[in-house]
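Okay, here's the structure, questions in a sec.
Note that the chains are named A, B, C, D and E in the order they appear, and that numbering of residues resets to 1 at the start of each chain.
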Amino acid sequence: MKTIGVVDTTFARFNMGSAVVDEIKQHVSARIKRVTVPGIKDLPVASKKLIEEEDCDLVIALGMPGSKDIDKVCAHEASTGLIQAQLMTNRHIIEVFVHENEAGSDKELAYLMEKRSREHALNAVKLLFKPEELVKQAGTGQRQGFEDVGSIGM
Amino acid sequence: MKTIGVVDTTFARFNMGSAVVDEIKQHVSARIKRVTVPGIKDLPVASKKLIEEEDCDLVIALGMPGSKDIDKVCAHEASTGLIQAQLMTNRHIIEVFVHENEAGSDKELAYLMEKRSREHALNAVKLLFKPEELVKQAGTGQRQGFEDVGSIGM
Amino acid sequence: MKTIGVVDTTFARFNMGSAVVDEIKQHVSARIKRVTVPGIKDLPVASKKLIEEEDCDLVIALGMPGSKDIDKVCAHEASTGLIQAQLMTNRHIIEVFVHENEAGSDKELAYLMEKRSREHALNAVKLLFKPEELVKQAGTGQRQGFEDVGSIGM
Amino acid sequence: MKTIGVVDTTFARFNMGSAVVDEIKQHVSARIKRVTVPGIKDLPVASKKLIEEEDCDLVIALGMPGSKDIDKVCAHEASTGLIQAQLMTNRHIIEVFVHENEAGSDKELAYLMEKRSREHALNAVKLLFKPEELVKQAGTGQRQGFEDVGSIGM
Amino acid sequence: MKTIGVVDTTFARFNMGSAVVDEIKQHVSARIKRVTVPGIKDLPVASKKLIEEEDCDLVIALGMPGSKDIDKVCAHEASTGLIQAQLMTNRHIIEVFVHENEAGSDKELAYLMEKRSREHALNAVKLLFKPEELVKQAGTGQRQGFEDVGSIGM
């Protein structure tokens, strides 16, 4: 049985981790390991520990960077660390970040955080269980949380 | 018994390390190793040495980046290094940075530096001793040093 | 027989992976391993897995960064990771990125994505099968997707 | 006996390395290994070689980034490499950079380069020989090259 | 006998690699390994392969970043990778980049590319064969491609 790690933050304003766990359970039978850390900069090592100490085959790392300049820098640092953690373990870590200023209101923000989290949970499921489905979607303009934009031709 | 590392700087204008040590002692019984380095760029290797040479289970790295552009770059470099140090050791290093221009006066700055240091000391305690409490706080908009902003719903 | 890895994304709006596979087949006889990931930040670990788990001698990593500021940051993170993956494996990973705003219309964008993908496929073939041809082209102002700009003299 | 590495550049306009060597000799008895490289981007590997091939216990890396935008980027790259070199060796590398535009005249610049170099040489001495003195200075607003700014209270 | 690696790109508009090879041959007797890659982001792994697979004692990596913003980002990524490659191998890689917009005309650009390449070839020779000559030049304001700016005093 595959094991999927889920890590989110206490900084975020919506429980992204629960949305992901719920979505995964609707689609596949997998062992799930969930942890929560204070902020997005704590995600890289938490993800790596889930892979190396809890035998996760893939991790979903969830966060909500704030809207200030310094928050953008933090998000960049966290992303860099998440990529590095993947390279050190040869395991995918799906980063799901929703920037606080991507939405115009709290309601829209919560909607976006839930939708993107669930859609990326499906990407994680495909990567682990049916990677050939992703090849079929190559170049089709998929977007998570927003409407897909589709392919372009010549 | 768990060992917690605490590292701060001579550059900062408030003794963040002492605040953290005091806070930890009020909550748990743990061995504490404290060192001080000149500036924030010295924090990554000092933290890694605390983990690998002093057997710390977790480190709290404290700093006060200045308000100039170059200080922001230094903070970014230090943060990148702190994340890298965590990935190399599979241990959490809680970064506690208070930017000099986050506060309007010296008094406010000192207050913020103490408050954020103490609140992150509690995060460190939770990560080490009761990680399930952090899962309960997932997505609740926790802020360290400022008022929490809370959850949002749809 | 050499093995070439090809990895592209579901985010892109043109099937760059198929163009590359088609181009390679027209020029050399090589085993091809193709995978697709959600976005460009998933390319580094996917490329490294192709090298280390599927014995690829070289990988072509294809993506279409969006036109927003945040997309530029993502592209930078992905590129940094792709370089790191190469350094960890001593294998070339040819990065082929077409930024969505490099073209004025969807039609032009699709044209550019196909052309650059095919021209970099040829670079990959040269790197693997006839590296001395690249030495002959040193300093000749080659461009992929656009017209070459040529050498300059004194 | 401890060994201290000193590395500076031919790009800088003041002999920072000699100032550091002189200062160290006035305070402690230590073996000193000195090398010079062309520019600041050559400092990381030179520092790591001093640690791993010349058994240095600590290295002082000295440079003078120019005042153009590209020079700032170079300084950032060098700093990132210096932090990485420390993490790979578990040894401190004290970075001493004086940006060419920190001073208003050549005379002021030379003064600042000498003063900061010497003050950081003392930090290096403390890190190696009496680290407890740095703990006593935690949070006291030390500055190298300029006047210290002191502590703040509530 | 020492081995020097030389790697340049097909993107550049002047054959920097040939200038370097010519310059080295005028000064020392050394084995030279030359390769060419498509662009500057391919330089880090090519340099590391020259060191680890072709036993180069030092590598000179040559490139001409374009004048657009995206080109500056590419140059930053390449530089970061070149520093990382050095840290992984404990060998110097002399980076010689000439930004396309450093010169006002094609003629000036070609002149600058040749001059900087040749002057850095001499730096490489000194690093490998007579490092004490670089120590004598510490803090003397050396510039490659442009006039040296000299030392400053108090």
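Worth a mention:
Methods note: a contact is a pair of C-beta atoms (placed from the backbone, for glycine too) under 8 Å apart; a residue touches a chain by one contact, two chains touch by 3 or more.
The structure presented is a predicted model; accordingly, all values stated were derived computationally and were not measured.
Counting steps between touching chains, the shortest path from subunit C to subunit E takes 1. The rotation that brings the Cα trace of subunit B onto that of subunit C spans 145°, given to the nearest 5. The geometric centre of subunit A is 25 Å away from that of subunit C, both derived from CA atoms.
Separation between the centroids of subunit A and subunit E, computed from CA atoms only, is 40 Å. Counting partner chains per residue, subunit A has residues 80, 84 touching two or more of them. The touch graph of the protein chains shown is a ring with every node of degree two. Ring order, beginning with subunit B and continuing to subunit D: B, D, E, C, A. Touching subunit B in their complex are the following residues of subunit D: 72, 75-76, 79-80, 82-84, 86-87, 90-95, 99, 120, 123, 127, 131, 134-135, 137-144, 149-154. Of all the residues in subunit B, the ones that touch subunit D in their complex are 8-18, 34-38, 41-42, 44-46, 48-49, 52-53, 70, 73-74, 77-78, 80-81, 84-85, 88, 106-107, 109-111, 114.
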